[in-house]
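Note that the chains take the letters A, B, C and D in the order they are written out, and that residue 1 is the start of every chain.
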Amino acid sequence: MAVPVYRKATLVSRKESPRGYVHLVIREEQIARTAGPGQFVMVRGWHTGDPILPRPFDIVLADPLKGVFRLCIKVEGKGTRLLSTLKKGSSLYVTGPLGKSITEFDSAGTALLVRGAGAAAVVFLAETLSKLKKPVYTVLSASTKSRLVCRALLEEFSNDVFIATDDGTEGYHGNGTDILDQLIREGKVDTVYTCGSHRFARHVKALDLAGKVKGYLFLEGNMGCGMGDCHGCAVKKDGQDGYFLVCMDGPVFRSRSVVVEP
Amino acid sequence: MRMQDFSRDRLTSVSPDLSVDIAGVRFPNPVMPASGAYEVDEIHDNFFSPSELGAVINKTIFLHPRPGNPPPRIWETPCGMLNAIGIPSDGAEVFIRDKLPALRRLGPPVVVSIAGETMEEWIELAERIEATGMADLLELNLSCPNLSEGIPWSTEEKTLERVVSAVVSRVKLPVIAKLSPVVTDIADMARTAERAGAAALSMINTYKGMAIDIKKKRPALGNITGGLSGPAIRPLAVWAVYSAHEVVKIPIIGMGGIDGPAAAIEFLLAGASAVAVGMYNFIDPFTMKRTIEGIRTYLAEEGYSSVREIIGLAHVK
Amino acid sequence: MRMQDFSRDRLTSVSPDLSVDIAGVRFPNPVMPASGAYEVDEIHDNFFSPSELGAVINKTIFLHPRPGNPPPRIWETPCGMLNAIGIPSDGAEVFIRDKLPALRRLGPPVVVSIAGETMEEWIELAERIEATGMADLLELNLSCPNLSEGIPWSTEEKTLERVVSAVVSRVKLPVIAKLSPVVTDIADMARTAERAGAAALSMINTYKGMAIDIKKKRPALGNITGGLSGPAIRPLAVWAVYSAHEVVKIPIIGMGGIDGPAAAIEFLLAGASAVAVGMYNFIDPFTMKRTIEGIRTYLAEEGYSSVREIIGLAHVK
Amino acid sequence: MAVPVYRKATLVSRKESPRGYVHLVIREEQIARTAGPGQFVMVRGWHTGDPILPRPFDIVLADPLKGVFRLCIKVEGKGTRLLSTLKKGSSLYVTGPLGKSITEFDSAGTALLVRGAGAAAVVFLAETLSKLKKPVYTVLSASTKSRLVCRALLEEFSNDVFIATDDGTEGYHGNGTDILDQLIREGKVDTVYTCGSHRFARHVKALDLAGKVKGYLFLEGNMGCGMGDCHGCAVKKDGQDGYFLVCMDGPVFRSRSVVVEP
């Protein structure tokens, strides 16, 4: 396993796309060199104060040669707002890579069912699978066309990207799970990763329990440290007592092993 | 040439001594983790070696396994955080088999933090830890605010006296009483713990607090209330240590919001013989290392030859 | 056209009602200054008019003039500050002659904050304020941590009961008991104050703390200890209000670290009927105005027609 | 009296000179228009956190036409360090003008006895006096030549600037009070303002009490608000009980009216 580092790093570029999502490219060579799909970093763009804790973000892509990695951040509250206003050249503190890297790639076909900032979580996996010439089908969902996230990247690494919007402004007018079900019926996928929607998570877990796919969830949780110190990021185990820690046991979990909140 | 050698000698001789004595145990330096806020594992070893610490400590264990509280377990607050982890614990057996030997091998003195749900559990757990021969000090977490079993043991003088003296009478290990600050006057509790036989005090555990998620219109934590830690509480914790130092003779391990050397020095000047870093380990995993180095620099710049010279120095006589 | 008119009508009709009732006195909105942290004068009037506030209040007065504490009187801490002002006071006579009439003329209900050094002083001062006919409510500052005369009145149940019932028995004005949080369980104190006849509670005053100036190696404040206020203590104050709301029926004025609408809403959801802004007035003199406007926006967005609908809403039944 | 405003303002330039002192030029028209000599502003270049309180600084000069004013900040602790790293174009929150403006200018000759950041406090007064064609003699003191603050500005507005350094690297090798005493002996000055040194303050107060000059002190104090709310900035009255508030009754005080700390 790659052991994480804590470093002062430099913001080498920032871009907003779509509105409300900023893409940050950060220079930190060791993280760029050792990160794998599914891993995340803890980022702090402020000194002690309010906010005080670092924030977790998935590594969208890492370029070991250039020594940079990319995040895609949805502007939500205090921390993400501050991060979104950082200017090129600013310093930030990053700890990573954190969490378990995905290491099994032996599926016949993989579906990525994502929505909102959840799209950021699976880009690295899509890239890895595409390098391994494994078929990747992405179902990218949003409320409306202008809220589709990481679309170009996912198109680059997927065999096919299916768009689903709630209002029908682009692609399928309806629920992304319908497209997933269709892909399964067509026998194209035996493995599904999902991120960004509780509804998706419940659906994938049901498919997993029914034996139709191997289902995986990218989970979140309020994180204090990202490295097992605080025990804050608990998620309930399914079928046994106790909790997993998202930062140490995840952030990617087999869907049947965890309780999905309603 | 001789001049140079001489001055190098002098420099060496004034490099300050960081060691402190806690209840007869020598800590190579006064900085340790706070219980429950630092794991010893490969990840952390890669930042800096835990063998550089003044002491090591485990997250409080109970006799029997416990799952901990339902999430959300933590919530950020201004310059602090609330936690309601609920002390998930593998129980004594797993701890003694898997974790304690690893702590022991590191080098620094080992403090084992324990808690009981009943008087019998306190005693059994203390005896079992002592029997391993792998602990140097026993810390009684009398102060966790997140247990549904009722108020912390150390918020009522009689209860505090009862549990400390019971444990002290059964084990030879020096006992550290970790006190809750959620009392009218913590100096009274410090005195009670000393009278009951505690060989040292850890001050303080978290303050009881809560936050409300104004979107959900519900308490932010799964457990409704939690314990507040971080720089926010530092002025309260410094006062707790200062006021206890006025009335007890046993050494105090000070904590609450330490984020680096300046904060640690505040505690030492207030009367702490050692300090512990909790929440700030999450924010900057090098906090303890920075703190050790910064204390050394401060002592050298201010002309002290030992950290012991500044313990309690701020007291106005 | 008609459609537009219609929707404009609807918007008007849902503009939420901000008024609250504190012990029979109607506050036009739930936001007021905390005692001792906002002056009514030309400077402040130029930021926004104090007549827009839910209520106005003076810095606590004593019967006789007092000079206050020697400097340093304040010290910054993470997300907060310590103060040991020591309540300089011109005494009742000057206050009644010069300051109270100015407060009265502003429009909002007038809360007069008083404190006594002895039981007799409490009563005399309360009676003299009542006799002016210029106060709507009387707030008893039972909780200042900076007086050398001993521990605050509200940290001991019997003393609290004695002073509140003495004042209540002598004046007809509704009495607000302002409580100290430096107790093991503030809900007990809230209950005691209610039983003694308090018509409302102000919660909370500052927490006792201290800082040490590591350059001077001495306590940073002239008075050694001080009271901690600001966002740092908000989670403790929200819990104090929440826990008191579970056991008393009288309204609570919540305070401690309010820096804007989100924080104020936390207190309302926790059970406060009104809120007070202290330290943050120093940082942003528009805090109270922003808070009033932000509460209005929140209520409108969340579909409430009155602020009273959200008071205590976070309680898990 | 000019009533203070609280505004978000813009940093239009920053310059370090000498090392450890930054000069900030801030655009805020109302403050620039209404400020007078002796007044100060409270400045915050951060959001809530650590630091949290605004910091007080004297207005070095105000240009009502350009709508800007200037501060000279000695980098001391957290707050001044953050202010010193602000880049041109940054926003800061300013409250001002605060404190009482100096309004008596009928002296025959005025001496300004200053050291360190204290030099910043008297520039505005020197400018005002020079506009009124009143003689101004400045004694500018420092530990060493390279620590002389606001020298060029003081030279511009003073009839004479006398330098005194502790190490003799420039000007008089010794105590600035010697030069002041000389000016008084020569009958050039009947009024003295001093800032930046307790020793100077004690000396001026002694002269004042001895009836040799009208002495004035620029005082400091830990300030929470700068406008009379917090009662933090107390300074002990001399000859009577109680305290003045530096922010409301000062920051400039007749030296005989206040107790000078040892």
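Methods note: a residue touches a chain if its C-beta (ideal position, glycine included) is under 8 Å from a C-beta of that chain, and two chains touch if they have at least 3 such contacts.
For clarity, every value in this text was computed on a predicted model and none was experimentally measured.
Hopping across touching chains, the smallest step count from chain B to chain D is 1.
Taken together, chain A and chain C share the touching chains B, D.
With centres taken as mean Cα positions, chain B sits 36 Å from chain A. Averaged C-alpha coordinates put the centre of chain A at 55 Å from the centre of chain D. Among all residues of chain D, those that touch two or more other chains are 48-50, 52. For chain C, the set of residues touching two or more other chains reads 77-80, 230-231, 259. In terms of inter-chain touching, the protein chains here all touch one another pairwise. Across the interface of their complex, chain D is touched by residues 46-50, 52 of chain A. Taken in their complex, chain C has these residues touching chain A: 78-79, 231.
Taken together, the chain B residues at the contact with chain A in this complex read 36-39, 41-44, 46-47, 59, 67-81, 83, 85, 88, 230-231, 259, 279, 281-286. Against chain C, in their complex, chain D makes its touches with residues 1, 3-6, 44, 48-54, 93, 95, 221-225, 227-236, 241-243. Only residues 77-80, 82, 151, 155-156, 182-185, 207-212, 214, 217-219, 224-226, 228, 230-236, 238-239, 242, 257, 259, 262, 265-266, 269-270, 298, 310, 313-314, 316 of chain C touch chain B when the two sit together in their complex.
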